[in-house]
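Okay, so here's the structure we're looking at.
First chain written, first letter: the chains are A, B, C and D, and each begins at residue 1.
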Amino acid sequence: MALPPVPHEFASSLRTSRIEALSDAVFGIVMTILVLEIPVPEIEHPTAQDIPRALLRLWPMFLGYFVSFIVLGMSWVAQHEQFHFVKRADQALLWMTMLFLMLIATVPFTTTLLGRYLDQQAVVVLYGAHLLAISLVHHATWRYATRNRRLVDPHIDLEDVKIHLRRSLATPVIYLIAIGLSFMSTVLSVVVYAFVPLVYGVLPSIYAKREGSRPRKS
Amino acid sequence: MALPPVPHEFASSLRTSRIEALSDAVFGIVMTILVLEIPVPEIEHPTAQDIPRALLRLWPMFLGYFVSFIVLGMSWVAQHEQFHFVKRADQALLWMTMLFLMLIATVPFTTTLLGRYLDQQAVVVLYGAHLLAISLVHHATWRYATRNRRLVDPHIDLEDVKIHLRRSLATPVIYLIAIGLSFMSTVLSVVVYAFVPLVYGVLPSIYAKREGSRPRKS
Amino acid sequence: MALPPVPHEFASSLRTSRIEALSDAVFGIVMTILVLEIPVPEIEHPTAQDIPRALLRLWPMFLGYFVSFIVLGMSWVAQHEQFHFVKRADQALLWMTMLFLMLIATVPFTTTLLGRYLDQQAVVVLYGAHLLAISLVHHATWRYATRNRRLVDPHIDLEDVKIHLRRSLATPVIYLIAIGLSFMSTVLSVVVYAFVPLVYGVLPSIYAKREGSRPRKS
Amino acid sequence: MALPPVPHEFASSLRTSRIEALSDAVFGIVMTILVLEIPVPEIEHPTAQDIPRALLRLWPMFLGYFVSFIVLGMSWVAQHEQFHFVKRADQALLWMTMLFLMLIATVPFTTTLLGRYLDQQAVVVLYGAHLLAISLVHHATWRYATRNRRLVDPHIDLEDVKIHLRRSLATPVIYLIAIGLSFMSTVLSVVVYAFVPLVYGVLPSIYAKREGSRPRKS
């Protein structure tokens, strides 16, 4: 069977706005169903202390939820910034985004695993590897989209591109270090997963804002 | 490792429209999955009365669902109004919104808890504290966004700002009172959670509309 | 405590586009989670016939799913058409929409109940009452929005308004009849729930299209 | 009861943008809840090997998830391309889209079935039939929308239309072959479901892009 050729217009018909809409739906759902995995205590005829105690015993689930929510928030912001620069989509970018969303959609699975077995190093390493994969796909997307200004604004500042590439490589490096830390303490490792990127990524940009809202180039 | 500086454009690249899209997804999902937590009765060979009776016994779950749906509706409207005035986003606003959405996303957990243990005061207080936290983050977002007209329209009416700040502070005050009421009756407390803000926030504005649709400044 | 007055701009700040976005999220989720309630058969070491047989035994669940999907589809289209005409929102319209969405969000509960107890008349009546409530809120929203052209285009054709009001009243009438039919046969009643509105609402409009795509007023 | 006539404006009031929004919500949710069906292992006092082993035993669930995610990704892209060309909606297109979305929404059911009974040929055939139905509805939608340029741009290139029709027919043909392969090996059949369309649909279009980004008509 001779297959018909692929028309060229296909690639250009992929509007980034609809990729963003799909992404927002996936992120919104993942952020919301994460909490469904935390089991609501079921106690018959509880005393006044039973339920607070049962909730406190769930702390590893809440920690896992909190860390994953922050990681998802950062990933959403990062993808958000990316699509501020990416002006066109082609099939490769689309499927890199699909891979990215598949990794985002599976966060509830590894988060539940983490909440149940926070003391198991294999689980903490797997969770870290999951976050590592998310950040590497994100970095690869930057690299693909900006190479020869393939899918970005043709007048984009090359200095900006370099900064984004280096920054998007910093997160996987932090995850690698955090995975290593799991040999010392699994809880420490999990805390580093969320808070080092947060501190590194968010605090300086608030600081940068305060320091001066002067545009760099003007 | 010397980390690269954060480019200034980052903050300005955060479009409020996409924050709203993520919020709509989260609210839509939470409103919908709330009902999944109500267990559909499973009875083998039921008589004609068995199922109506089993449904009636679920009334605390339905009350919890109803109260949470109204609270979510009010929160959605409140955030909706806020983003009518907020014209720009920075990293701090974004993470305040993330915290807001995290609190919204966890409503199904405390709602299920409430539906199961409506007679436990600790649970009713926890549910109230959850609503209190949502309303405080909402108030803090108003305060942050409007201070020195940071993220709002530079020509915004300062009188309007004051009204919004005071109004967004009234809801947490009501929640504090309702938490106090739980020492008298847990059901009363739950009813106050939903209906006082509704009566206070919605009825007067319908009234205001009827009274005259004349714009205040013209 | 003297509460501050409600500013007039509140009502006008409610953009219908965001109400539509929230509605689309709710409809999309309900349509999707409906299927989660159908239990996937769990059989250890099944023979070749076991799974097909187990699936066939699930037919009441599939019927319930199918009927609810069609009802949701019709409700979505109906709300879609409504917001084509509704140009502004006020607090009352917003809370009518919230009530509408709450009724939509609870469809999975009554659908699962229906799938489990298709032979119980009380369940079929409850399901019908649920659909009736949805269609009545929809009708009330038309009535509210169009009275004195309150929230619609001021140049709307009054003849169109009348047609919409009558049409949106036809669906509840059909549901009432179908509820009555449940005294004869519960399966018949369920089939009427979905297919009479479909046949009445969809077929004639396809026919109308074929007959001539001439605009009525030109 | 004389039913009022259906006004002509109904059909034209169906904006494709809102159909796309509903579709994005459905796809986003299905992609995300797919993973909820994979059971997170529950082991009390696990040894270091227990959890990795339990995860490895889940490989048929992960394969099913992966295949369904790719199929959903392809379906989303395909619908995306379709609505790039479809400029108007009528009731028939709307209900074809509803049928399409109903088939998409039920993917988690057949995927879970597949993950549990990957060795049962009946299940693999059912899953294939599900994918076949999705691709046939997609093809029928192209055929309906493009016949006499009914719902597409009146200046659309007829050569393009032919290519889309033939291409959208190639996928069902591949699914039919893959269903046949299930008589030899169920795993092979499942792999063909996802990867043949991927290789056929995605690789050539990347190739086409590299070969030259010259527009075909200029």
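Some notes on this structure:
The working rule: a residue touches a chain if its C-beta (ideal position, glycine included) is under 8 Å from a C-beta of that chain, and two chains touch if they have at least 3 such contacts.
Since this is a predicted model, take the numbers as computed values, not measurements.
Each step here moves to a touching chain, and the least such steps from chain B to chain C number 1.
In this structure chain A contacts its sequence twin chain B using mostly different residue numbers, the overlap staying below half.
Per-chain CA centroids place chain A at a distance of 36 Å from chain C.
Mean C-alpha position of chain C lies 25 Å from that of chain D.
Along chain A, residues 21, 24-25, 28-29, 33, 36 each make contact with two or more other chains. Residues 20-21, 24-25, 27-29, 31-36, 38, 40-42, 46, 48, 51-52, 55, 65-66, 69-70, 73, 76-77, 80-81, 84-85, 160, 163-164, 166-167, 170, 173, 200-202, 204-206, 208-209, 213-216 of chain D touch chain A in their complex.
Of all residues in chain C, those touching chain B in their complex are 1, 3-11, 13-15, 18, 21-22, 24-26, 28-30, 33, 36-37, 90-92, 94-95, 98, 101-102, 105-106, 108-109, 112-113, 116-117, 120-123, 126.
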